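Each of the next two complexes has subunit A plus one other chain: subunit B in the first, subunit C in the second.
Let's turn to the complex of A and B:
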């Protein structure tokens, strides 16, 4: 089973992607219909870059996990090694802890 | 950042693109090098050089594609240490337009530029004057039209 399959098998996860953090391009994806993978990848990578700078400015080190909750779902991201981001798009009632665990595992295996 | 247009229908789509994609310099031009709009340039001579070089790249890659018996390349991205250059062409009613964008790698990315370029191309197609006939560029008129464009872009 691939790293992305491990994430998308969690109930409530609508898709997962590996994204190049520098380029904002999709490296691999497993998404349900209706999710614009290229747009999510580009914008998540842009956000990751800004968050990284904010955290550096705050002197609190690199981000390990971020979770953006919205009305109809959530965007969860783990910055992995090798310049990759592991991204999950989930429904609002998803088990965040479980998705986080799978994202962290994927970030380790995706190196 | 200053964004100015020779053809006013290009201004709003270009302004939106610059803001969303966080690009540093942009030219909207025809494949022959006539400039329709620019953003971020401060000198006419830089616009002239960039437009001439972009037109040459469009011509070169177009010919390369023709020799490979395939449709023209949709876009070209060239990335350096600090900056990236994105060049793409798309059809509008009056012919083909090209967009040249230069972006800083620490504030934007090729993913972001590609994403909002698609929106820019769609917006320009929608905004372009309907019923316009593609105009043939004559060598005799080119320099005068280029000078007129630069005068409009730089307020002379």
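Let's turn to the complex of A and C:
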């Protein structure tokens, strides 16, 4: 089973991707129908860059995991090594803790 | 000049982290090679996002390209990072004059004069403006160096927003949509005040989060939690325009941080309703 498959088997996860943090391009993806991978990748990379700058300015250092909560779902991201982001798109009722663990595991094994 | 540009380009290629990009960008700008100047300024900003001089350089290039809106944003960012940056203050005065806001233009020049009372170009600009002439478009600032924001942490009015809440003057921050501080304050691990710097960057985070959630069909965003290497943060928006940041050390789990953020959000909302 691949790292992305490990993430998407969590109930409520609609898709997972590996994204290049520098240019927001998709490296690998496993998405449910209807999710635009290229848009997710570009937006996640852009937000990750801004968040990183704000966190560094606050003296907190680089982010290990972040999670955008919205009315109809969530975007969960683990910045991994090699300039890649491990990204998941999930339903609102997903178990965030479990997805976080799978993202961190994927970052360790896949990157 | 071409010789200068070649030499400066070589220096920058040898050490991409160096600040020589400031001189190279300015040299290109003066030579009218604006696209090259933009590339140099943007690359410099990516490496030195907290450097007021880098934002000032980019703003000058944008002004030459008549992109006044983005130039304003860059100078605005420069004075958030370094409130005494006279180059940025003069730049903002120039742009305020351009849109006919003479009061703001003069106010910014007066601020610049307080910082550099011996700079004759500021008096000259004020005199020109009062005579109905546009103050000169700003050139490279002299002696402007990156300075850390020097605002007073936790003034009385600001601390009232979160009065009684844990960490009101060191780990809670309320800003408006433009990144201006409304209340609270932040300190980094060494105890330095980083309020203005963080506020400046957070304005962008808020807009990006809203755009991301909307474009992914996730509806309105209602919070963003992040674990950092040395601490955890939670972002919320008490009103559509305002943004709240809660920062705690890593031992405070994200779930607890979200609860604390809810309390702070409720207080901020009440405070904003009273103030408006």
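The definition used in the following text is that the second predicted complex is superposed on the first by the 111 of 111 C-alpha atoms of A that agree within 3 Å, B and C clash if a C-alpha of one lies under 4 Å from a C-alpha of the other, contacts with A are read in each partner's own complex, and residues count from 1 in each chain.
Simple rule for what comes next: a residue touches a chain if its C-beta (ideal position, glycine included) is under 8 Å from a C-beta of that chain, and two chains touch if they have at least 3 such contacts.
Keep in mind that what you see is a predicted model, and the values were worked out from it rather than measured.
Participant: Given the touch rule stated above, what does A:25 touch, subunit B (first), subunit C (second), both, or neither?
Facilitator: A:25 contacts subunit B only, not subunit C.
Participant: Would you check which partner chain A:43 touches, where first means subunit B only, second means subunit C only, and both and neither mean what they say?
Facilitator: So A:43 meets both subunit B and subunit C here.
Participant: Please tell me which partner, subunit B or subunit C, touches more residues of subunit A.
Facilitator: Per-residue touch count on subunit A favours C.
Participant: Touching A:105, do we find subunit B (first), subunit C (second), both, or neither?
Facilitator: Once the two structures are laid over each other on A, A:105 reaches no partner at all.
Participant: For A:60, is the partner it touches subunit B (first), subunit C (second), both, or none of the two (neither)?
Facilitator: After superposition on chain A, A:60 lies in contact with subunit C alone.
Participant: Which residues of subunit A are in contact with subunit B in one complex and with subunit C in the other?
Facilitator: Shared contact residues on subunit A: 39, 43, 46.
Participant: Which residues of subunit A touch subunit C in their complex?
Facilitator: 35-36, 39-40, 43-44, 46-47, 50-51, 53-55, 57-75, 89
Participant: Any idea which subunit B residues touch subunit A in the complex?
Facilitator: That would be residues 22, 105-112, 114-115 of subunit B.
Participant: Using the touch definition from the top, list the residues of subunit A that touch subunit B in their complex.
Facilitator: Answer in residue numbers: 19-20, 22-25, 38-39, 41-43, 45-46, 49.
Participant: Quick one: which bits of subunit C touch subunit A in the complex? Just the residue numbers, please.
Facilitator: Its residues touching subunit A are 49-50, 186-190, 192, 194, 197-198, 200-202, 204-205, 208-209, 211-213, 215-233, 245, 247, 254.
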